[in-house]
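Working notes for the structure below.
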Amino acid sequence: MDQMRLTVLYNKQLKSGFFLLALEAPQMARKAAPGQFLNIRITDGVEPLLRRPLSIHRVTGKNIELLYQVVGQGTLLLAQKQAGDKLDIIGPLGKGFDYLKPITYNLKPILIAGGMGVAPLVFLAESISRLKPKTRNLKPIVLIGAKTKSQILCRREFIKAGCTVKIATDDGSRGFKGYVSELLTNLLLTIDQRPLTIYACGPHPMLREVARIAAQRGIPAQVSLEAHMACGIGACLGCAVKVKGQGSRDRGQGKDQKGDFEYKRVCKEGPVFAAREILWEE
Amino acid sequence: MDQMRLTVLYNKQLKSGFFLLALEAPQMARKAAPGQFLNIRITDGVEPLLRRPLSIHRVTGKNIELLYQVVGQGTLLLAQKQAGDKLDIIGPLGKGFDYLKPITYNLKPILIAGGMGVAPLVFLAESISRLKPKTRNLKPIVLIGAKTKSQILCRREFIKAGCTVKIATDDGSRGFKGYVSELLTNLLLTIDQRPLTIYACGPHPMLREVARIAAQRGIPAQVSLEAHMACGIGACLGCAVKVKGQGSRDRGQGKDQKGDFEYKRVCKEGPVFAAREILWEE
Amino acid sequence: MQPNLTVRIGKLKLRNPVMAASGTFGYGEEFADWLDLGCLGAIVSKTVTLKPRMGNPMPRTCETPAGMLNSIGLENPGVDKFISDKLPVLKKAGVPIIASIASEGDPDEFVVLAKRLDKMKEVAALELNISCPNVRLAGKPVSRLAGSTGTPAHRHTGTLIAQDPKATYQLVRAVRRVTRKTLITKLSPNVTDIVSIAQAAEAGGSDAVALINTLSGMSIDAETRKPRIAMVTAGLSGPAIRPVAVRMVWEAYQKIKIPIIGMGGIMDTLSALEFIIAGAAAVSIGTANFINPRVSREIINGLKEYLKTNKIASIRQVVGSVRI
Amino acid sequence: MQPNLTVRIGKLKLRNPVMAASGTFGYGEEFADWLDLGCLGAIVSKTVTLKPRMGNPMPRTCETPAGMLNSIGLENPGVDKFISDKLPVLKKAGVPIIASIASEGDPDEFVVLAKRLDKMKEVAALELNISCPNVRLAGKPVSRLAGSTGTPAHRHTGTLIAQDPKATYQLVRAVRRVTRKTLITKLSPNVTDIVSIAQAAEAGGSDAVALINTLSGMSIDAETRKPRIAMVTAGLSGPAIRPVAVRMVWEAYQKIKIPIIGMGGIMDTLSALEFIIAGAAAVSIGTANFINPRVSREIINGLKEYLKTNKIASIRQVVGSVRI
């Protein structure tokens, strides 16, 4: 992992509130794996104080692209950066998706994105596509969930990477009307290809639902989690997630209503976890 | 006094570290008097938290010009503003120079600027010039003190306003070698015109020296002081300066080695004070 | 339906819960250019002492990360001038005027001040400033500290009344005996246990507590090695201290029944709401007045909007509504 | 001439006064990618308890103006794992390792922990964390708090050892009896009088005091009305608290003879110098590690530059050199 001042190549608004930022980052581009993230220092000052984690959206040659939504002060300031500006970046960080083994085992990938969850999944789709799965059968199906038509992102990128794309919007303004998890349920009823594997990134309730569905049908699933991160490098223990107890004595273990559990660090052991590992809570 | 979001017309670097910023400010321009200042909110956030006071450097029609040096975070951020940006500004604030009466009394003005002290004095010189003093005798003599040649500012503006300009640099790279207060002493030895009056703005030690010289020769002098300002509008009592006790019972009075004194607010009763009012300390 | 912003503090009924904090609002007049003073819930005037005070030597203020230090030293014209010159001006605002008072050493001065101000109908309530970190007096000769030329060696001993539950109780009780006006006791955050002090004020008969006053802090210019404030230590205010203030409001809210006036780093509607949700019946705006003299008005409007948007009839329903 | 950065803390001689603060530096390994750990003055490891601790529920951190709140809850693998797994890794850094220890309720655990770690030659010194605001235990059944599922109702009573001079004295004394290693006592800023606690630690036999731990704070999301931290209150760190920390270092410096390790919002060389000038013999870097993992190295170099520029032979001449 590196800490570097990288040059912004461009930073353009794709849709209202959604930006695509490219960095010249040959060293990080070489090491990056889908599902990993960069931790970005937005300002040299204290406002905001902490870095902001963003998934690696795409790797194009020596460049890394980030896709982000403006939701607060940090992303607002980031949106004001211009080509030529320098950003202090740490990365690539975290453990990404394990997609090599599933391909070897001929598991057909289903990618499920909720909202900004598309960001790391494009990198994943492109990485799978670069493996050139021989059978069309192993090309991913991508389910994109968005609030409304105008917030659907990256459809074209997925298609270019050889994926089949299906869309769900909360308001039905495009594609299936409803949650992307319902779209998944429908898909699983109709699809006859087996075996499958699922990769998902999106809001916590969506991931929980996807995990439930996957568990029910015995489909292996990997989910990319979010947590508030103070350090992003495993030092502060602030980004804990409850995973099912595995007898590990490395950290303490606890009990709650749902049984044994322990904490893992989203920034270090994650952000990608096996869905069945997670102790899902309301 | 107003609080407004004003548009930056331009913000250009004059010399390394020195900037000239113009604001479209018809209302404030109308009210502004030389020696007054604007209090500028640099950011909507907390870094820096407080406003920054800058003297009104010039009024050109509906516009106000500010001249400032980058010395810290606030001025650094200010230097990054661009034409079209908006700035939240309060002003005009404080009590400026009283130059009308001295002109009426035919006192020849001597303006003494140390470092950034030129900023308000250009506005003063231009205001005096607008009064069209009939005799050439009443056109100001301006003494500019700077560390070195490259930091001499506003010479041309003063000349355009009809002033005679003399220069002192600490390193002798231009004009008199030494402090501008020494230049003043020299001037007073040679000048035969009387009566005189002095307006000075610059670092505290310079002002103290000017006040001493003026007192010795019985020349009335006005000085523009600086103090760290939290509010700039007379509310916090943070910007106090010791003035000689005048039996005022409005605030408490104290005693120190040098005798009775009371505090006045630099932002409200100042920043311009009669030099003899001030209780000068080391 | 217009949401109801009125709140009660003792005998006072405020039209809204947004007040100007003592020492940060001058005597009102300084803000009249920017703000219709009549919009405020109340104005707390700069702390007044029996005799005039010069205040402390300069520099008195400096900036810190997301905050500022001040050591004004309670500069004020004394209670006589306050009554003759300042009260009539303050009164014009048309909102309740809360007179903040402090002693310069002898706690009896609080009683004398309270008696004098009790007679003034322009004074709606009294705030006992027993927590100013810039005058530390207990247990030392008053004369050495009240002057403006106190030398550093004398500065940092002594505790505040607000740092001792017993002293707080006794002082509040003594003042309670001489006035029927609404009494607010302003507490210091520089304590181990804010709850015990708040309880002492309540037991002494205070109608409300105001918290917090500034945190004691210090800043040094590493280049010159000099403290950035002449009096060395000073009071920290502004957004930096907000988490401490909100925590103290919440702790006190659970243990006392009298209303709490919350303050410390309130900059906007959301930060004002933090305090109210934590348990403050009203809020005071301090440092933010320096940065945006219109901020109180903006917050009052913001609170109104918040109630409307969330379909809440009265701000009182929000008080202490934190979801734990 | 190379300026002399070495400092003494008890029996320890550090090559420079810049240490990594407990809980903010993992077990060192997390930073090895960015920093030659060998450049540090010392590393204070994450506080370890007798038994493993799960830590607190999420969310555990949030941002505040120029600061952050954390309520990790002393997540750690327990002293056995610490000795078997973490110490060998830490040791590789090649700098003095200071083991931070805490009890989960029974103060005797400090003694047990000290005895165990006293035998480990990899441990250069012990830091007694008697000030973690995220575990409040005194006077309550340990079992109710040590678990990770403590319910909010249990959270906010009890005082810290570091909030009581007597308890501080007794604890330090008890540990002093069982170890000859250098003892550092880490104090809490959540006290009325830091001096009395520092003096108690000194009297108890501590070789140094570390100050400050985090200020107790709270933040609420006004939209959801929920606390931003699951455990409601949490520890405030970062630049926001620096003025409070510098003030406490200066107050303590005037009244104790043992060295002070200063911390609280140090972000760069100038802020490290603030502490040293105020009286800190060494400094610890906490939150800044999260923002810039290389910051310690930058500060060490910065201090060297400062001494050179100002022609000062040794950093020790700067300690407490504030010009009042």
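A, B, C and D label the chains in the order they appear, each numbered from 1.
What we mean here is this: a contact is a pair of C-beta atoms (placed from the backbone, for glycine too) under 8 Å apart; a residue touches a chain by one contact, two chains touch by 3 or more.
Please read these numbers as outputs of a predicted model, since none were measured by experiment.
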item: Shared chain contacts [chain A and chain B, defined touch]; value: C, D
item: Winner on C-beta contact pairs when B-D is weighed against B-C; value: B-C
item: Maximum centroid distance from chain C, chain identifier (CA atoms); value: A
item: Geometric centre distance via CA averages, chain C-chain A, whole Å; value: 48
item: Centroid spacing, where centroids are CA-atom means, of chain B and chain C in whole angstrom; value: 35
item: Centre distance in Å when chain C and chain D are each reduced to the mean of their C-alpha atoms; value: 33
item: Numbers and ranges of chain D residues touching at least 2 other chains; value: 65-67, 238-239
item: Contacts with 2+ other chains: residues of chain A; value: 46-47
item: Contact graph of the chains (line, ring, star, complete, other); value: complete
item: Residue numbers on chain C that touch chain B, as the complex places them; value: 23-26, 30-31, 33-34, 46, 51-55, 58-63, 65-68, 70, 72, 75-78, 81, 85, 147-149, 238-239, 267, 287, 289-294
item: Touching residues (chain side chain A, partner chain D) in the complex; value: 1-3, 41, 46-51, 88, 90, 227-241, 249-256, 262-263, 268
item: Residues of chain D that touch chain B when the two form their complex; value: 65-66
item: Chain D residues touching chain C - in the complex, by the definition given at the top; value: 64-67, 69, 152, 156, 159, 163, 190-193, 215-220, 222, 224-227, 232-233, 236, 238-244, 246-247, 250-251, 265, 269-270, 273-274, 277-278, 306, 321-324
item: Chain B residues within the chain D interface of the complex; value: 46-47
